[in-house]
Every structure is written in structure tokens, then in C-alpha cells.
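Sending over a structure as C-alpha cells; questions will come in a sec.
When the chains are written out, they are named A, B, C and D in that same order, and each has its own residue count from 1.
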Amino acid sequence: MSAPALKLSAVRKSFGRTPIIRGVDLEVPAGERHAIIGPNGAGKSTLFNLVSARFPVSSGRIELKGEEVTGRTPHEINRRGLCRSFQITNIFPHLSVFDNVRCAVLWPMGYRYSFWHRLSALRDARERAEEILERIGLAARRDTLAGVLSYAEQRALEIGVTVAGGADVILLDEPTAGMSRSESDEAVALVRRMTEGKTLVMVEHDMGVVFGLADRISVLVYGQIIATGTPAEIRANPAVQEAYLGKSVADA
Amino acid sequence: MEFLLITLLNGVTYGLLLFMLSSGLTLIFSMMGILNFAHASFYMLGAYLAFQVGARLGFWPALLVAPLLVGALGAAVERLGVRKAHRFGHVAELLFTFGLSFLVEELVQLVWGKAAVDYRVPPSLDGAAFTLFRTSFPLYKGFMMAVSLAMLLGLYLAITRTRVGLVIRASLTRPEMVQALGHDVPRVFTLVFGSGAALAALAGVIAGNAYVTEPGMAAAMGPIVFVVVVVGGLGSLGGAFLASLLIGVLQTFMVASDFSVVDLARRLGLGVPDAPALARLSLTQLAPIMPYLLMVAVLIFRPRGLMGARET
Amino acid sequence: MTRAFLAAAALLAAAPASAQIKIAYIDPLTGPFANVGEAGLQHFRMIVDRVNASGGVLGGKKLEMVAIDNKGSPQDSLIAFQSAVDQGIRFITQGNGSGVAGALVDAVNKHNARNPDKTVLYLNYAAVDPDLTNSRCSFWHFRFDANTDQKMQVITKVLAGLPAVKKVYLIGQDYAHGHQVAKAAIEMLKQKRPDIQIVGNDLHPIGKVKDFAPYVSKIQASGADAVITGNWGNDLSLLVKAAKDGGLKAKFYTYYGGGLGTPAAFGAAGADQVVQVTEWHKNVLPSPLEQISNEFTRKTKQDLYYFRILNEIRMLARAIDQAKSTDPRKVALALEGMHLKAETGDVWMRKEDHQIMQPLYVSTFEKVDGKKVKYDVDGTGYGFRTDLVVPAQETVLPTTCKMERP
Amino acid sequence: MSGVPPVLNRRRLLGFGGFLLVIAAAPLVVSHGYALSLFCQIGVMTVFALSYNMLLGQTGLLSFGHAVYFGMGALGTIHALNAVSAGARWFPVTLLPLAGGAAGLLLGLVLGAVTVRRAGTTFAMISLGIGEMVAASSLMFPAVFGGEGGVSGNRVTGQGWFGVTYGPQLQVYYLIAGWAFVATVAMYALTQTPLGRVANAVRDNPERAQFLGYNPQRVRFLMVALGGFFAGIAGGLSALNYEIVTAEALSAHTSGAVLLMAYVGGAGTFYGPILGAAIITVMQVVVAGITKAWPFYFGLFFLVIVLYAPGGVAGVLQLHLRARRAGMLRRLAPAYLAGAGPVALLVGGTVTLVELAYAVVNRVEEGTARLRLPGLVLDSRTAPPWIGAAAAVLVGALLLRVVWKRISGRWAEIHAALAAEGRS
């Protein structure tokens, strides 16, 4: 366990002349659950987009499990074992729930772009997909079109699709966004269940979720990480309190 | 020298005409994400209406009336058709304009017949602007250039100096932003669609008599305009301008050249085997497919287009 | 789907029963060349009506035209042909496009070989590819128009008689017809006037050029005294317009300068500039053609253009009478070598290759003057004036056809 | 979680068996020569439209240049046929469409590499440009494309096997039908493979597919190449059917036609394009034989589909099938019955108006200017027919608006019921 699962060194990103990420250094050891928090517009989603290569970095270096992946395409990064979810639900609306998950497992299982295998004959892929469906609680909705699922169901599917491929570094972008309290509790349990033994990096607004789930937390403010530490350390960090949390955490 | 200059002028005239068409298409495309297949149909309608109106009122009123009529028609099409198709996504919108272009062609044939109509250059603009040695440059071509340039200036002012222009400019660089505004801009959409149609019609008015006004004119012009938009870069008015001129001038010079493809390659120092089928091909022959070749080259080497901000 | 088809088939079959000898007219009736196809059909209807009015054929049987749209495409022509065969039609006629003609000749040959009891005869009134009466000649095909080489023979004859012409420019559409025109021009000029220099030979894509100004400035720069072009339709009218705008003085020697709708498109720009070669034009006025022409114009608001259609139907009617049969093979045998005393002179169908021989007129587009130019074309105020009449004998060219007769 | 499901389930057996039965029996029902050539055309277009839908329906690629593959396949086949006829090569004519498939595949590999960067509108624009380029250059290389006259061939080579020479149209029909069936099964099978499913995923959401390890460009590229293969086979069939290939086969016109077929039939289902191919071909051949206004009806019909039934004919069918399965089709009947009158008025009025207009334009020269309908002659130079037809259109449209509310109300009920059922 020498190399960290994810390592960012001096990563910067500007849109036009506006700097969004202003030199981020971050190391996430393998197996850690790491949360990134920060006020709106701090650049959390942008940071995710840089790590997953949705946007190219302006400068800096990103390493995945010890291998540099800066400048690679999203699918190349995914094939190296990183998978992400999206803040706005991002599934395949005209495919069935089952097919959504199955698409996520076909590549890692080596079927890739095959047009000489019969899908329904791929027992391993089907069983794996069905197992995921069981675990995210959507087995009963197996043949429903994903586009007509309820919001909470779609969020669950989003997580299922993200982890189904077996990537060991998982990026979750606000997995509980827009959920009621009870839905959010279920989602947290789901995330916990599904990412067992994996490295998890998540962006989250809900402090209850963050402090309950994360091993360590980084605070991103104006494109820079001002603090990284365990929930207790972050809670106690005066700079964080001043810059971002204010009184609310103390009250919580 | 005389030959060069005349050829250059011809090329620029054609290029400016292309820009009149491609500017409207670019505006519509970048704001609404619609590849308006019927754009060249508005060009054709402009020519036919100018012919019709001109027969009653003369060319000058037609120059104003025809684009306004077509503009109104364009706005109506946007309100009654495009918006409806929009519910089903971009493909449906595109197919709607595709079907519309088909229908317009049929209607034009129904109203004005299948042969060319006798739409002539007005006598006041008939004649030579100037003569270089033996070749004369027609006055009407000069007029076409003037109208295109005036339109270019007008467009520039409208976009930089008006409120609507501001929204349009914003949408050129950040289409998702304007689309996110969604409900606030349908009127701008209608306006842009109508104006684009009117610009195309204006091009039709001044080109219909210089060339030929016939039902096939839309189908002949349409693909070239798309090519201009791709080569220039999606959403870039400057790119469309550059690409229009480039294609206009390049094509004109290719037509006027006397090289074969093999000659040219050898001159550029490329070793070319003797291939009889290719050796017979002259640049002149290749000229009309040059825009498409250019498009493929741009797609391979510079997918953003000449000046596009977004990748195609 | 089957029901829809049956309904349609019933409609198609519901032709009047009185007609006895049907001739399928396979030409574009929709699409960009529909106006030309429509005009040809009117010519046919007119002459068929005249033949019927004077007693029809075989002692009272009537001829009838059945129009089938081929949309101008070789492939659709084959569908049209199939449809004609299914209606029991044994005579087809077509004119627009040598590509279509080539496809039809092939199809007719194959059909007749596969169905010897249901043979079909193909009468071509306007497709001018020389191959159709040379290397690809067929017993089942008859051509009633002068072919590309014959017309070029006449054009080069005119140029040979003009000592002032020293430089000739060739420009044409980049397809078979354009290539054939250029080839014929080069060969025949070399023969007749070896001193004439060919200063340019351009091919441009067919129907794609919007502005011919660059071509014109090239012609201008070459110093050409005359231009030969096989262009038709827009490609011709745009060329002529651009030449006028560019101040080009050279005359255009054309195949289709008077083609339907073309004079309207170039208008005054063609005055004194456009020369055409045809078997007739409106200012060739032997009686009773003037009267027929005027009546046709009055009825249809169109110019009489295809004199050869009159010849075609008259010769067909005579061949049917002579053969005392409508069997295509017998009719074809009767047509071979047939002579007709047409209004413009002696016209005959050469037996060796089924190519018609007829007098050809060279004429120039000029303002109507009431004398030599009595009638205008397309309502332009301009008409054609005869420069030269070439008797049929002088248009005879050798053929390489090796006719196989069944 | 048991074993592998069988290849042939009941639905597939029914679907493909029915399809096989229809194409095998069609010439037995109507054997008129004209019908046979129509069936042949439909067979060719079925394969072509299905290959197009591999792009449009399955991968979300709207192409305006698909005819390029069709034309190349046709050319490849006709040149191969001529080589066979000349004795240069030996190859069974029955398998010649494979030459077309190879040509289409090859071109797909070349063009696919350039065009698949983006989907949607950009792809549409580029495919249009490339299609135009290939079509425009077709007249420049007469040795390959045969110039305006095209390349002809003779499918009857040698003695043939067991009397099958492909001389008679009926034999050609069964050749086409056989290939159409095989190609249809193959294309259906492709939708049931990992690539087929991933293509759907890329259509739905290319970005997400990319974050799952798939390269959307590669997926599109493969689908374009395979689509090119099947389009090439369709082209090969057309070459054998007509024994001629012209530049028109790869023109924008052909590209437009196949788009219409796939969309009108319904791009959202596998069988939609088959319906589209049949409907559009019949319209093109039969309606064109009845009225000169066919392009106009064509355009109108297409716009109506785009605006009111974006799922195409198959989409509408699918809806009703669902309603039927839920046993609610009967609820619609009264509303539909009420709608029949207004629709008839609207359609009848529109057709009359269009025909009157065409009569004015096209038949003046014959001095008749009359529109002959069974049992009725309308003179387009007088006002009453125009007024009557316009009134019919107006009344029909107004009534339809009223009835439409009822129909859509019924549908809303059905949808609600179906949704409730899906939930439970």
C-alpha cells in the first residue's frame, strides 16, 4: 500500500481568465472515505470534473494508484479503476434499469464492444448486474425504463451504475442532493454498503452525511484546500469555522 | 494582373453572398441548436418573392419587401412549427426543417412552375462597373458586394449595440447559459429565426437575378452553406465570415486555374505516381467539391473549425 | 399493403378501353426536369391526336400516349418500363438523358431476350449519345434525333467557314455528354481546320456551378473567338449570362441554346451570342408547320420545339400500317430504312444503326424583326434566325454498329 | 438466476416467423409483374432502412449521407457481377451482395473514422457534407461510377443451378427476400450483443458511457462501419434487382429517402423501419402513379409524423398494443369513431385543394383544368370546388380539435392506468 489511491499535485484550472481551481494538493490513501466540502462555487464539482477528466487541467498533475493520468480521456481513466457519479442524475433513460447496470459491468468483464456474444447468454454479466440490483434495492424495477423511475430510485441507480463496474476508486458527486431526510439516510446506508473496501471521494453539502460517513474531510474554499483532517479535526479547526462553517457546526 | 484582380473580385462577391446565408444559419444554430435545413429555402423564397413583387412594384421596393415577408414567414415557422417540434428534441426540429424544405420546394414549383422564372437585373444596375483591359466587371456585382457589406455592418451594429444583440452574443459563447434561461428567451428565438430567414431572403433577392431563380436553387446552395458553418466553426460569426470568403475566393481561383491535380502536387514537391485517372483531373474540375474537401480537412486537423470556440 | 397495391393497380388499369395501341412515354413528370418532360408529352399528344384525327392506323385503330413518370432517373425508368410492360404496352418512347436511354436499351434488350413473346420497341426522341447507334446499337432501339457527332459535324462545318475564328474554347458539363462533345470537337476541328487552336477545354460538374464568372474570365484571358458547349439548362443559361456580364464577345455554339426554358433564363444576354443546331426551329416556316406550331402554342402556351416527335409518330404509324401488325419486331423491320417526306426535306431511318438522318439548321438568337425572325421563343422577344441549312446527306457519318437482328 | 435463455422465445418466433411467412407468401398472393418488382424494392429498402436505423435509432446518429454506403455496395456488387460475367472470376451470383457488404464496410471504416467525433446536429451536418462530396465526385470518375448512365450488368451468368438463373423476376424476388430475412435477423441479433446495448447507452448519454469505460467515438465508429456493411448489402441487392447502378444510388436524394423510411416507420423500435420501407416505397411507386402531387403529400405526411407522432407508425402501433394488453383499447373506440369524420373531412379537403391547385398549374395546357374524381368532375376554374374544399378543411380541423380533447383524455386515462399497474 505504498502509492495513494489518488494524488493531486498543484492542480489548477481556469475558465478563460477566471481561475476556479487555484493549486490543489490532495492525497487520498487507498480504502479511505474522503469527503470534500466547501461553500457554493468553491470548485468542488470542477475538481471532480478534473479528476475524472471531464475537463482538462490547466496545469498540475493527477495520479491514480501511483500512475499519472493527467491528460487522459475519461474512458481511459475509468479503465484504470476510477468511476464517478454525477450531481445531476446521469443515467441511460431509454434503457431498462437492468441494462443500465449491465452496461456498467460489460466493459470490466471484458466484453467491451463485442458483437459476437449474445447478451442474454452472458451469465456472469447478468448475475453481477442482478446482484447489484438486489443491493441497491431496485430488483423489482428490473425491466422499467430508467427514465421513468422516481428521483430517489434514479439516485440509487446512479450509485449502482457507478460502483457496478468494480472500480476501486469511486467519486460520488452529492449522492444525497435533493433528498428528504429519510431518503438521505437510506442513501447514506447504501453508499456505505456499496463502497465497502473501496476508496471513496465524495462531494457533499449535507454535513450530517459528511461527518457520519467520512474518514477524512478536505475543505475547499475559492479553489484551494484550506484544511484536511478527520471530522473531529475539521470540526475543531478555527480556520474552517471562520471561513466556512461558522456557528452551524458548533450547534449541530 | 487583370485576370487576378477580376478573379479576386468574383471570389469576394461569391464569398460575401455565402456569408449572407451562413450568418443567419450560424445565429440560429448557436442560439437554438437547430441546424435549419430550410435556410436555403428562405433564400429561394426571397428570390421568388422579389421576382413577384418586383414585377409589380419594381426592384427597389422588392429589395425591402421580400426579405420582410420571408422574415415574417420565418418567425411564423418558428412559432408554429419549430417550437412544437422542439418538445421532441433536436432531431425532430432538424427533421421538421428538413420536411419543410421539401414542402417549400414543392410549393414554389406549384406557384411559379418548374422552369426558371425571368427575374432580371434592373436596368439601372445593368452594365459594366469598370473594364480592365478586356474584361469588364459588372455593375450588379458591385451592387451585390455593397449590399452584403451594408448587411454585415448592420449585423455588427445590431449585435454590439442592442439589448437583443447582447443576448445573442451571450448565446454564441455560452449556449447552455441562454438555454438555461429557457423561458425568458422564446421571443428572442422567434426574432433570430425570423431575422435569419430575412437575411437569407435578402441574399436570394440579390442573387436570384444575378444567377438563376429556379426551384432547384435551394438544394444547390444548402449544403455549401452548411460546409461554411462547419469550416468556420460552429457558433462563430467571425469564422463564418472567414470561411465564406475563403471558400468563395479559393473556389473561384481553382476554377480559373489551369493546373491538374498532379501538376500541383509536383510543384509542391510531392512525389506522385503516374495515375491516368487522376492526371486528367484538373483543379477546375475539382473546384466545386473543394468546399467539402476543405470541410473534411478541417474536421481532421482542426475539429473546432477555423475560429470556433467549441469543438465540433 | 397488398390492399393498397391492389387499389392502385385497379386505378392504373382503368384506362379507357377505346384506345388500341398504347405508347408509353417514360420521362420526368416530377422533379427538376418535369417541365421538359411535360412539354415533350404535349408534343406527343398533339401529333397523336392529328394521326388519330386522320384515321389512325391499321384502318381505324387509335394511338394513345400513356405517360409514366421516371423522375429523371435511370433506375426509376426501369420501374416505369416494368409498369409499361405490365400494362401490355409494346412501344415506349423516351428522350431526356442518355443515361436513362442507356439503361432503357439494356433493359429492353434483356427483357426481349427473356420474353421473346412480349417484345418491346424503344423509340428515342432526344438522347444523343453516339454509342447508342454505334457500339451499343440495338435492333430494338430507334433514334429520331441527330446524335452528338452529327451536330458537331455541323458546328465544325460552320466554324470551318469562318476564317476569323482562330481560337476555340471548349467548356462542358463533366459527364458523358460533355466528354463526348469535347472529344468530337477536337477530332473534327483537327480534320476540318487544323489551323484552329483549341485554347481551353474545361469540364465543370453538372448543375453545381452558381457563378460562371471565373470560367468566363478564363475564356476571356485565353483570347478565344468562339466557344463550343454541350451545356443545357441552367448550366447553359448561367454561362451565357456570365459571359454577357464579363463582356465576352465570342459566340457560343451550343447543342441546346433553344432548349425549353433556357432562352427565358438567359434572356437578352444571349442576343447575337447563342448559336444552336437543331432539326427545326420556329422560324423555319414551310407550310403547314407554321400553322401547326401556332396552334400548338395557342393551345398549350408553349413553343413547338421537338419537330422530331412529329416525325417519330408519323413514321411509327406508317411502319405499323406497312407491317400490318403491331408486333414490335415487324414494326421495327418496317421502320428500318424508311423514308419520310418531312416539311424540312427528306428524312430517313438508316438501316445499319437505326439513326435518323434529317436536315439540320444552324441558327442564332436574335431580336424579333418580323421578317427572318418572325417568332420569338419562351416569350422573350428574341427568336432564332437560320444561318445555314445542312441537308441530311451531309450529316451522314459512318457507324460501327453491328446490328444483330432476331 | 438459472441458465441461458433460449435464442428463440415465443415473441421472436412469432415476429420472425410472421415476417418469413409474409415475404415467402407475398408473390403467391399477388403475382402481377408490377407487384413483384414493388416487393423487390421493398425488400431492398427494408435492409437499407434497418441499416440506417442502426445509426439513427440505436446509436443516435442522424445521418444525411447514408446513401453513400448503399451506392458503394451497389457499385461493388455490379463490378463484381461484371467480373463474374466476363469470366474473370468465379463467384455464385447468390452471394454477390456480400461484395456490396464488403464495399460498404470498407467505406464505413474510412468515413467512420472522420465523422464520429460528435453525434447529433454536428454529425448530421458532416454526414451531409461528405455525402455531397462523394455524390459530386461520382461524375468525375466514370470508370468507377459509370458516369450519368451508370454501370449496367447482367445477373444471368452461365447455366445456373437447378434452373435458378435469376432471369425471371420471381427468382430475383426470392433472392432478395432471402437476403432481407438473413440481414434482418443479423441486425436484430446485433441489437442483442454487448455492442448493440452499449450503442444504446451511447445514444442515450454518451458522457456517462464514457465514464463507464466506453469510448463513444469507438462505439459510433463500429456502428457506422457495421451499418455501412448492411447498407452495402442492400445496395448489392438493388444492383442485382435493377442490373444497373447510377450515381443516384449514392445521392442526397437516396439519403433523404432512407431517413424518411426509418423515421416514418419509427426509429424507436426494431421493426419500425421495415414498416417505413414498405409504406414509403408504396407511396413512391403507387401514389406517384396516381397523382403528380405526390411529393407534396409526401412532405405533408412527413411533417405530420414529425409534429404529431415522433415515434413514427411503429410508435403509434406500440402505444395501441400496450393499451390492448391492458384491455383498454375498447375505451378508445368511441372517441376514434367520432374522430373519423373530421379526419376524413380534413384529409379529403386538403387532397381536393392540392389536386385543384395542381390541376390549375399542370393541366391548363390541355384546356381541361378539371379534376376527375370517381363520379365527380370538379372544374378548377370555378369557385365552388375551392370554397367547398376549403370549408371541409376548416370544419374538419375545428371538429378534430374538439374530438382530439376527448381522444387525449382517453389516452391520459390509459396512461394513468398503465402507470398504476407498473407500480404495483
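One rule holds in what follows: contacts are C-beta pairs under 8 Å (C-beta built on N, C-alpha and C of every residue); 3 or more make two chains touch, one makes a residue touch a chain.
In this text, all values refer to a predicted model and were calculated from it rather than measured experimentally.
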Under the document's definition of touching, what chains do chain B and chain C have as common neighbours?
D
In how few steps can one go from chain A to chain C if every step must land on a touching chain?
2
Most central chain by CA mean?
D
So, comparing C-alpha centroids, which chain is the farthest one from chain C?
A
Nearest whole angstrom, what separates the Cα centre of chain B from the Cα centre of chain D?
31
Averaging over Cα atoms per chain, report the distance between chain A and chain B in Å.
47
Where chain A and chain D are represented by their mean Cα positions, the distance between them in whole Å
43
As a quick test, compute the distance in whole Å between the mean CA positions of chain C and chain D.
36
Residue numbers in chain D touching two or more further chains are 136, 140, 295
Can you tell me which residues of chain B touch two or more of the remaining chains?
113, 285, 288-289
Residues of chain C touching at least two other chains
38, 174, 205, 208
Would you mind giving me the full set of chain pairs in touch?
A-D, B-C, B-D, C-D
Using the touch rule from the top, collect the residues of chain B that touch chain D in their complex.
29, 33-35, 81, 84-85, 88, 90-92, 94-96, 98-100, 102-103, 105-107, 110-111, 113, 219, 223, 226-227, 229-230, 234, 277, 281, 285-286, 288-289, 291-293, 295-296, 299-300, 303, 311-312
Residue ranges of chain D in contact with chain A within the complex:
1, 3-5, 7, 189-190, 192-198, 200-201, 203-205, 207-215, 218-219, 222, 226, 422
As the complex stands, chain D meets chain C at residues 26, 29-30, 32-35, 37-38, 41, 136, 139-140, 142, 147-150, 152, 154, 156, 167-168, 238, 242-244, 246, 248-249, 278-279, 282, 285-290, 292, 294-295, 362, 364-367
The answer for chain B against chain C in the complex is residues 3, 6-7, 10-11, 13-14, 109, 113-118, 120, 128, 131, 134-136, 138, 140-141, 207, 210-212, 214-216, 220-221, 252-253, 255-256, 258, 282, 284-285, 287-289
Chain C - residues contacting chain B, complex
32-35, 38, 174, 202-205, 207-211, 213-215, 217-218, 220-221, 234, 237-238, 241, 245-247, 260-261, 264-265, 267, 380
